[in-house]
Structures are given as C-alpha cells and as structure tokens.
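Multiple structures are listed underneath, in structure tokens.
Heads up, the next two complexes both have chain A, just with different partners, chain B and then chain C.
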Partner chain A sequence: MSDRKLPRLLQTPAVLLLLIWMLIPLGMTLYFSFIRYVLNSLRRPEWTSPSLSNWRGFGNYEFVLNSKDFLFAIQNSLFIVCSILFLTVVLGVLIAVLINKTFPGQGVVRVLLISPFFVMPAVNAVLWINMILDPVLGLQGIAVSGINDVISGLQDAPLVGWFFGLWPQFEPISFRATQTSAYAVITMVTWQWTPFAVLIFMTSLQSEDQQQKEAAVLDGANSWSQFRFLTLPHLARPIAIVVMIQAIYHLSLYAEIEIVSRGNGNKNLPYLIGEFANNNIGAASATGIFAVILANIVAIFLLRMIGKTLME
Partner chain B sequence: MPIVANASRFSKFGRPTLAWIVGILFFFPIFWMVLTSFKTDADAVKPEHLIFFKPTFDNYLNMTENYDYWRFAKNSVITAVMATVFTLVVGIPCAYAMAFNPSRATKDVLMWMLSTKMLPAAAVLYPMTFITKTAGLFDTHFLIILVLSLINMPIVIWMLFTYFKEIPKDIIEAGQMDGANTWGEITEILVPLAWGGIASTALLCFIFCWNEAYWTVRLTTTDAATLSKLIEGNRAPEGLFFGRLSAVSAAAVGPIVVLGWFCQKQLVQGLTFGAVK
Partner chain C sequence: MGRIVLNNVTKSFGDVEVIPPLDLTIEDGEFTVFVGPSGCGKSTLLRMIAGLEDLTSGSIEIDGAVATNVPPAQRGLAMVFQSYALYPHMSVRKNIGFPLRMAKMGQAEIKQRVEIAAKSLNLMDYLDRKPADLSGGQRQRVAIGRAIVREPAAFLFDEPLSNLDAALRVGMRLEIGELHERLKTTMIYVTHDQVEAMTMANKIVVLRAGVIEQVGSPLELYHKPQNVFVAGFIGSPKMNIFSGSEAAKLGASTVGIRPEHLDVSMSGGRWKGRVGVAEHLGSDTFIHVSDTSLADTVTVRITGDIAVKHGDTIYLIPQSDQLHKFDPQGMRVAQ
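What follows is the complex of A and B.
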C-alpha cells in the first residue's frame, strides 16, 4: 500500500541529518589523522593545507602515543571519571535509600537535591572555584582563617592554652594548582551528578518488590541484610546504567577543566585535543580517534543493555 | 527486638533530619550564589559580611552594563527555542513512523541514533571548525541551532518513541479509516493524544540546549555567543567581582533550575533512554 510507504519516508530527514552529522566530521578526523597537517609552519608551508601528498601513515598516532602529555591525559581522564563514578554511585545509593521512605517535607528535599543537576557546567565551575574553593576570598579561605583565629585566641586562654599552642596554623588549599585542580573538578562534577544518580535509583526503588521485603522482615532479616540481599541486587542494573551514561559524559568533560585551571596539571583527552588543535591538526585528529575508541568501549556495553529493554 | 525499636526511632526522627541535612547541603552552593548576588562586590569578600549585609539589587540592575547579559541571554533563548522546535519538527514524524510502522530495522536505527550521541565531541572539533568557517556559518545562530538539534535529536526521538508506543494503534488506524492522511494523523490525532509527552520532551530538550557548553563555546565568538560562553569568559574574577558575577550566574541558571523541578520524571527517562522505570 502506498500510504504504508509514506510513514517510512518520514524517518528520512532525521536519519539523513544524523548520518551527515556523524560521518562527515568523523571521516575528516580520520583522514587528517593520517596526514601531516599543521595550521602554521614557516619551514614546511606545504603542510598547512590538507592533502594526500602529505600522507604520514600512523606517524601521527606514533607521535601522540610518544608524547608524555597523552599518557598523562589518559591517566587523568580515567582518574577523574572513576573518582566521580565511585563517589556518585556510593552517595547516590545512600541518599536514595535515605529519602525513599515518606517523611515530612520529602517533596521539598527532592527539589533541593535535584537542583544542582540543572546548573549549567560553566556556572557550576565558576561558582565552586571562586565563591567556594578560593583559598583567600572563597568560603574555604574564610573558614580556614576563621579557624586559625579561633585557635590563636584559645592559645592565650588559661589552662587549655598550652594545648592549643601545639596546634599548627592551617593552610588553605589552592585548587587552581597543578596537584589539586583535578580534585576541584571531581568535587564540582560529583556535586552536579549525584542528584542524577539519586533520581534514577529512587525511580528504580519504587518498583522494588514490597512483598518480598515484608517476607524478609517476617523471617527476621535486619535492615542491613534487607539492603544487602534485596535492595542492592535490585539496584544492580540502574547502577550499571548510571555508571555507563556518566562515563560517556565525563570522558568529554571540558568546561570545568578549562575554567578551573585552563588544563594546568589537569588535562584530559578532550582538553589535549583542544590544545593540539591550536596548531597540529594531525595530532589532534589522532588523539580524537583514540577518544572515540575509548568512548566506544563504554558505549557498546551501554547500548547492549538499553537494547534489551527497547522493544518490550 | 532492639534492632526493630532502633529502626523505628530512626525512621521517625533520624531519617527526616538526615534527609533534610543532605538536601540543604546539596542546595547550599546555589543558595550561596544567590545570597552573594545581593552583596556589593566589596561586601562579597569581607568575612564580616558573610551572612549579615545590606542587600542590594544593583548587581541585577547593572547586568547589562557589566556583562551585556541580555545580548547573551537573547542568543541562549533564540538558539535553545529554535533548536527545540526544529528537533521536534524532524523528530515527531520520525518517532511516529517508528512507533506505528516499525520495520525489522527500527530497533537498529534507534540504537544507531543513540550511538551518535556517544561520540566524544572533541574528536571532531577541528573538522567542525573547518567546515563551519569554510561555509561561513561560524558564529551564526543557524549553526548553533543546527548543532544543538543534532546533539539532542537522538534523545528526543527516543523519548517520543517510548511515549508514542503507549498509544493504542487502533486509534491511529481509526483515523486512517476516516480518510485522514499521514499529515492529518500526526497533527490531528497523534499530537493531541501525546501532548503531555511531547511537552515534557520539549522541556527537557530546551534544558539540555540551554546548558550545552562545548559547541556553544567553541563555535561562537560574539554574534551567537550564549550564556555558557559569557560565564566561561569571566571565569576568574580574582574576587574583584564576586557580587556581580554571582548575579549574572544566578540569572543564567535560575529559570532552568525551576523548569527542571517540573520534569524530574522525564529526566530519568530521557537520560537513561527508558532503560530505568
């Protein structure tokens, strides 16, 4: 029937758009990753326009693999992603179990808790690194100097003064520094994404089998073993999904890293690509291909899992 | 049993208290930003004015002078609204076809669409810059609208598909018997029926567009620059402008956070692709 054909055709615009969006830029990245291509070069001006005659084979990949920034960026990407995943899942499960039962003001607490998720990443980073974590003017700085003031006041007190004399002066931590900027990023992203984990775990907890729980209570199971043997297995699937979705998002973390320290001591793969792309397009593209491979490892598992529930 | 007694006392007082503490802790940074936005720049960094200060609206009144806020806000509104509309216009027919005339390939097409969402944006940073600059699209509303649509299209189609699937096929087929053509089926039967689902999908799409922070920053300079770009450009005020920066930040996220409160449920669906119910 001809009117059966038409509906199928309705998919075409979306499919075509997405196909172009995916294939052309990615194809170009793949092509650039195999040629010598830089934006500025006085010595080799022929490298400044993309051309097959500048074929370099796997040279860009070799160059990238041998640069110490790359190894560090991979390590750092994984460190940041794994830390965030660990923190958000643990906090998410605890908070979801905590607020899943009805109590006065549950709706308000939910609203308070979910809010960070809707804050745009740029504001999140600016807010945390300046107003909260700044070592002098932020809340951290103010808190540390307040504590130091209290301690030095107590040193003059009778009887206990000698004890506080033993205390050191506290030093505020600068989170823009090389060693600490990753922790600042982990903190702010964890703050933003824990609500996401909570929301998903709560949704899942509402479908938990209550009869099974009641039976367990009758059998004398305490809260811990209920949690351990009923709730946690029930949450296994949502946890896996939260882990994979977050992994995909956080592997491309950018704004937070840029704002906290301009990548100083805290580059991840997207940031490294951005830096290479200032001049060495070949290297940027090869790094991009590595990033695609890394993301795909996660994506394949995620897609399998989602695919199972799709057509039911 | 003592354990049960403890448990019930915990659920009566301990649980609500703890839950409220956790909620307040998570909200605190937002509260702090809003509080700081009512301080003068000088007061904002003085410990003695941490909590007690003379509130001022100047930071909000001077947003245009200080940051040209409304220009960026206008760009954010234009791009996010237009991208949402465009995504729906392309997405609704697609999801309609997939839900009511599925073929064997439908599932694979949907999965493939999702997989485009999982490509790291940075991998195609240079090609995108290259293409858009060559085509003269760099820093235009058109480009940002297109990119935001493409980023969100997989999720939008996915969500619409799950909503449409719930609608009984008979209703659509009854429309066909009455002689409605495909266009009529969509506009007169499907859209009114699935209005709630479409609205919440649109809301979520709008939020994602508004908060997007990679392409809107990398593919704009001034003409199409959104609020993400504005905030990122003022990343390190070194304490000089905490008051005014808080105000502009609060203005940038306030409406979205409030919108977000209304679509918590859809968020779960949209972000987990319907895999958690």
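What follows is the complex of A and C.
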C-alpha cells in the first residue's frame, strides 16, 4: 500500500495542474454557452457580466445553428482540413520515398525541404498572398502577364501566328475573392505542413526492414508492389499520426484565413467563434462546444478509415 | 532441375575483394552447406546466387542457362532469411501466398497451394494469424512455406536457425532434412555452425576469407581434412593441433588429433599432463588437459565416465592411425 501511495502523491500536483488546465477552460466555455453574455450592450447592461440569472438554456446553441454562416463554416472547415490532409500525406509519402534514396547533396536537400515548417503561419500567409498569389505584384501576376506577352508576340510570327491567335488572353486569379480564398489557404498550409509529413515518413522509412524487401524481390514483387504491399503498410501508423496531429491543428486555422480574405467566402469554426467573440461571448462559447464535438468526430472517423484501408 | 555452376565468380566491395575467383558446382538435388567463420563471404556468395548482389566478374549458370544478369525473381530460386523476413501486416496465409499473388495466379489456385504447403508444415491452425503472434519456430516454418509454394529450382537458406533456441534448432534441423528427403530439390544452406553442416549436408563447402578450403562429404571432411584450417573447423570438440618438437617426432611440421582419438591412462603413456576441467556429460567425458608438451590445453573425449579430478596427473595415448599430419604450408601430408 504505502509503496504505491508515495508515487501517487508525487504525481498529484502534475495531474491536478493538467486537470485545472483542461477542465477550467472547458467548464467556463460550457457555462458561458448556457447564459446570455455580451461584451457591450446599451439596451441590456445586465448581460455584460456573466451570471446564472442570465440563463438562456440552449438558446445560444439555437442562435448559432440558425446563424447563416454556421453550416457553411462547418462545411468549409472540413473541406480545408481534408484537402490539406490529403495533399500533405500524398506529397509527403512521395517526397519521403524519393529522398530516401542516396544521392549527392542529400543533406542540403533534406534541410531545405524541412525549412517551410519553421516559417510562422502569419508570415507564411503574408508571403504567399502578397508575393506569390497576388494577381498583379505576385509571382502569379508576373507569370500570367509574361505568358500573355509571349503569346501576343507569337501571334505576329509567320506560319504559327494564326495558331496562337486562337489562344485566349489569360486572366490572373484573385485569391482574395470569395470563390478562391479557401484554395489559397489550402495551398499555403499544404506548403507549410508537407515537410512535417516528409520528416515523419522519412524516419519511418529508414526503419524499414531491408530483408523483407529482399524477400519481396525474390518473391517477384516489382517496385510498385513493394511500395504497395510493404512500404505503404509500414507507413500506416506514421500516416495515422500525421493525420491526427494535422487534423487537430488545421481545424483551428485562423491566421491564414484572416490574412487572405478576412473570412470573406472562407470561414471555419474558429473564425466564426472569433466573429461572435467581438461581442457575443455566449454564442462564441456555444460555437466552441460545436468545434470540440466536430474535432472529435473528425479524429475518430479519419483514424478508423486509415486503419482499415492500409492495415488490410 | 537445379544444377548451379559458379565460374570464376568474384566479388569486391570498393577496393576490398571479399571473394577471389571461385569455381563451384552444385549438383541437382544436393544438400550443400556453406560453412565458415563469420565474415568468410558465405552469405555474400549465397546472395550472389540469389541475385541480391551483383557479381564483380565471372558467371553463374542455373540449369545450364547463364543467370548472371537474370533478375532475382526469374532465377527460380527461393530464399529463407535469418530474420525470417515475413511481411508483418499480412496473415500467414497471405505471407505464404505472396509469391503466387505476385505471379498473378488465380485466387482459387493460390488458396489450394497455400493449404497444401501449410498442411505439410503443420501450419493449418495458424493460417489467419499475423507473424507477430507466432513463435520463432512457427515463423521459420512460415518462411519455409513461402519458399516451397513457388516450387523453386533450388532453396537458399541464410543461417535460418540462428535465431532459435538450442532445442528448437535441433527440431528444425530434422524438419529441413526431412523436407529435403521429400522434395529432392537442390538446397544451399549457409551456416557458421559446423554441427548443422555435418548433420544436414550431402556436400560441405568450407570457406575462409572467400576462398574454398575444401569441398566434400561430411565424413570426408572429418576423416581427411585437407589443411589445418578445415581440421580445426570441422569436428566438435575441436581437434587438438600442435607443432614443434612433438610434431617433428611424428615426422610432420603440424600434427592434429581429434579428442575422441586420444586414450588416457593414469599410469603411463606417450604424453604426460595435468587434468584441468573435466566435463561429465554422462555419455561422454571431456577432459581438458594442461601442462602437456603439445599445446596450452589438450581436449580428450572419453566414452562413458571416468573418475578424474582437477590436478590429477594423466597420460595421453594417441591412436596412431588417427593422426593428421600437415606440412609447413598447413596442407595435409598423405600417409
């Protein structure tokens, strides 16, 4: 008895701290989500301080569910997260397999590949939206106008001029627009997080059993079969890890969305919470609870799916 | 259907030549064992036959056709690895069926052939388990099953028993021997354990530093080792080898005598010594004798039991027709 008591006693402060850390914010959020609580109201000044006398029941939840952006925000959250997950995992596996071979300059290439991960999210967003995706000043604008110039030059050329005359004038895409801002966010986050996937997959590839591969070679497996039947199952667990960590991270994307379009055409749940939190803390808290539920569903669903398809 | 011929085969890793030019013929249906100390190139040689290592020069023929540049899968050979190399996420059934699946065989036929193989290896109860749920011996049998479903021209074994415990090793040794008797397929077996070599082989190839020291049947190697290295390597406990004045008296520069070919006497004999450790196995007694004029310790093997204790004086009498004599180059001198 006594020899188990002491370790437990010594663990208590850490466990208590963790509980406080988790339970208090969650409890506060739950509490706020059931009361009327706003930051500023001239008409009902009693709502500006949290109190049980302002009890609203499920009113905040109802309000959030009926607000016009809620369903769109959930849809868009899932769209962004799933796109990023798909792209980073596919690109990550391909790049990791590619650079797992030995080649000259391997070390430099690996460091360069990892480097996007060290850029801060807000900086990443500013760089992409202004320097790369901007339709006028960015790389995109320059490239599109360059192509247009070349084509218009070729239209005057003899013999082939008529062919280029059929070509349209290319228009640069504005990635701050309602229809495209989600794609901009997906692109920049994918760029930033692919290195994370590469890093995890690369370490896993290095622990792959070489004798299994040799056995597969003797069994008549070509490169594709070796990849499909040995490498991919071997990567199943790291893929699950990458998917879970990223799903949790990307459900709370904020900086990129704010910087690209200020939520124009591209809201997710955290952004919606941010908008509510400008004044309506009760609604923001209710949205927060929805976000927690969504995150859990996504995590469980994704893990099941990956576990089934890859482990055979 | 499994005659393998190596012609002038060499292998170098960078500037280091691990296998100098080497010729060897393995007849169809033979159980050949490559044996030698660690790093003697025996595994490299096996991997070259399998096609997992390129030849630096020379050629390999399998069934009369040059196979030097044939990819491993098309050589018709199956290999069993030391670590078993089973596919960890596949069931036993899928592991055994993998080579057939890669050969694009129909589902029904794969199932049938896997079950025949599993039945012959007593694996029927484990077909749906993963390799992680099997014992070492069962895993080894799955690896063998994966090899036999392909009906290869020859089996290659790369130290397949070295990860098993002693009791299991004896059992698997018998099973592999049984398998060879049943299938009559060529088998090449690599080991550093001369007991495995002696018990299983039709033909033993003793290798040292990539050079074949001797090729022959187990008993040929035991009775007529061609040089000092083979004499010391084959046989357990090791042959007593000595040189110097006692060897000169016997008319050779180096003389070897096996522990079982020495008789002992407490009263008098050719060589006097003092008993060190005596190991009583019941059926045999190994006596390690020190302070002889021959070598630091001389091992004697006595059938049955003998009452000696540490420090006793003992006399050794060689059976004169069992002496192995070697010239200054270490080569056998004909008697």
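Everything below uses one rule, namely that the second predicted complex is superposed on the first by the 277 of 312 C-alpha atoms of A that agree within 3 Å, B and C clash if a C-alpha of one lies under 4 Å from a C-alpha of the other, contacts with A are read in each partner's own complex, and residues count from 1 in each chain.
By our rule, contacts are C-beta pairs under 8 Å (C-beta built on N, C-alpha and C of every residue); 3 or more make two chains touch, one makes a residue touch a chain.
Fair warning: this is a prediction, and the values are worked out from it, not measured in the lab.
Of the two partner chains placed by superposition, only chain C is touched by A:Ala221; chain B is not. By the touch criterion defined above, A:Ile289 reaches chain B but does not reach chain C. In the superposed model, A:Ile297 lies in contact with neither chain B nor chain C.
Touching more residues of chain A than its counterpart among chain B and chain C is B.
Contacts of A:Ala157 after superposition on the shared chain: neither chain B nor chain C is touched.
By the touch criterion defined above, A:Val90 reaches neither chain B nor chain C. In the superposition on chain A, contact of A:Ile147 is made with neither chain B nor chain C.
By the document's definition of touching, of the two partners only chain C reaches A:Asp209; chain B does not.
On chain A, the surface touched by chain B in one complex and the surface touched by chain C in the other have residues 311 in common. The touching residues of chain B, counted against chain A in their complex, run 3, 7, 11, 15-16, 18-20, 22-24, 26-27, 29-30, 32-33, 36, 45, 47, 50, 90-91, 93-94, 96-98, 100-101, 103, 107, 109-111, 113-116, 118-131, 149-150, 153-154, 157, 176, 181-182, 207, 210-211, 213-214, 217-218, 227-228, 231-232, 234-237, 239, 242, 245-246, 249, 252-253, 256-257, 259-261, 264-265, 267-268, 271-277.
Of all residues in chain A, only 3-4, 6-11, 13-15, 17-18, 21-22, 24-26, 28-29, 32, 95, 98-99, 101, 103-106, 108-123, 125-132, 134, 136-137, 139, 142, 145-146, 191, 194-196, 199-200, 203-204, 207, 222-223, 237-238, 241-242, 245, 248, 251-252, 254-255, 258-259, 269-271, 273-274, 277, 281, 284-285, 288-289, 291-292, 294-296, 298-299, 302-303, 305-307, 309-311 touch chain B in the complex they form. For chain C in complex with chain A, the residues that touch the partner chain are 50-52, 72-74, 77-79, 81-83, 85-90, 94, 98-99, 102-103, 146, 150. Taken in their complex, chain A has these residues touching chain C: 209, 211-212, 214-221, 225, 229-230, 233-234, 236, 311-312.
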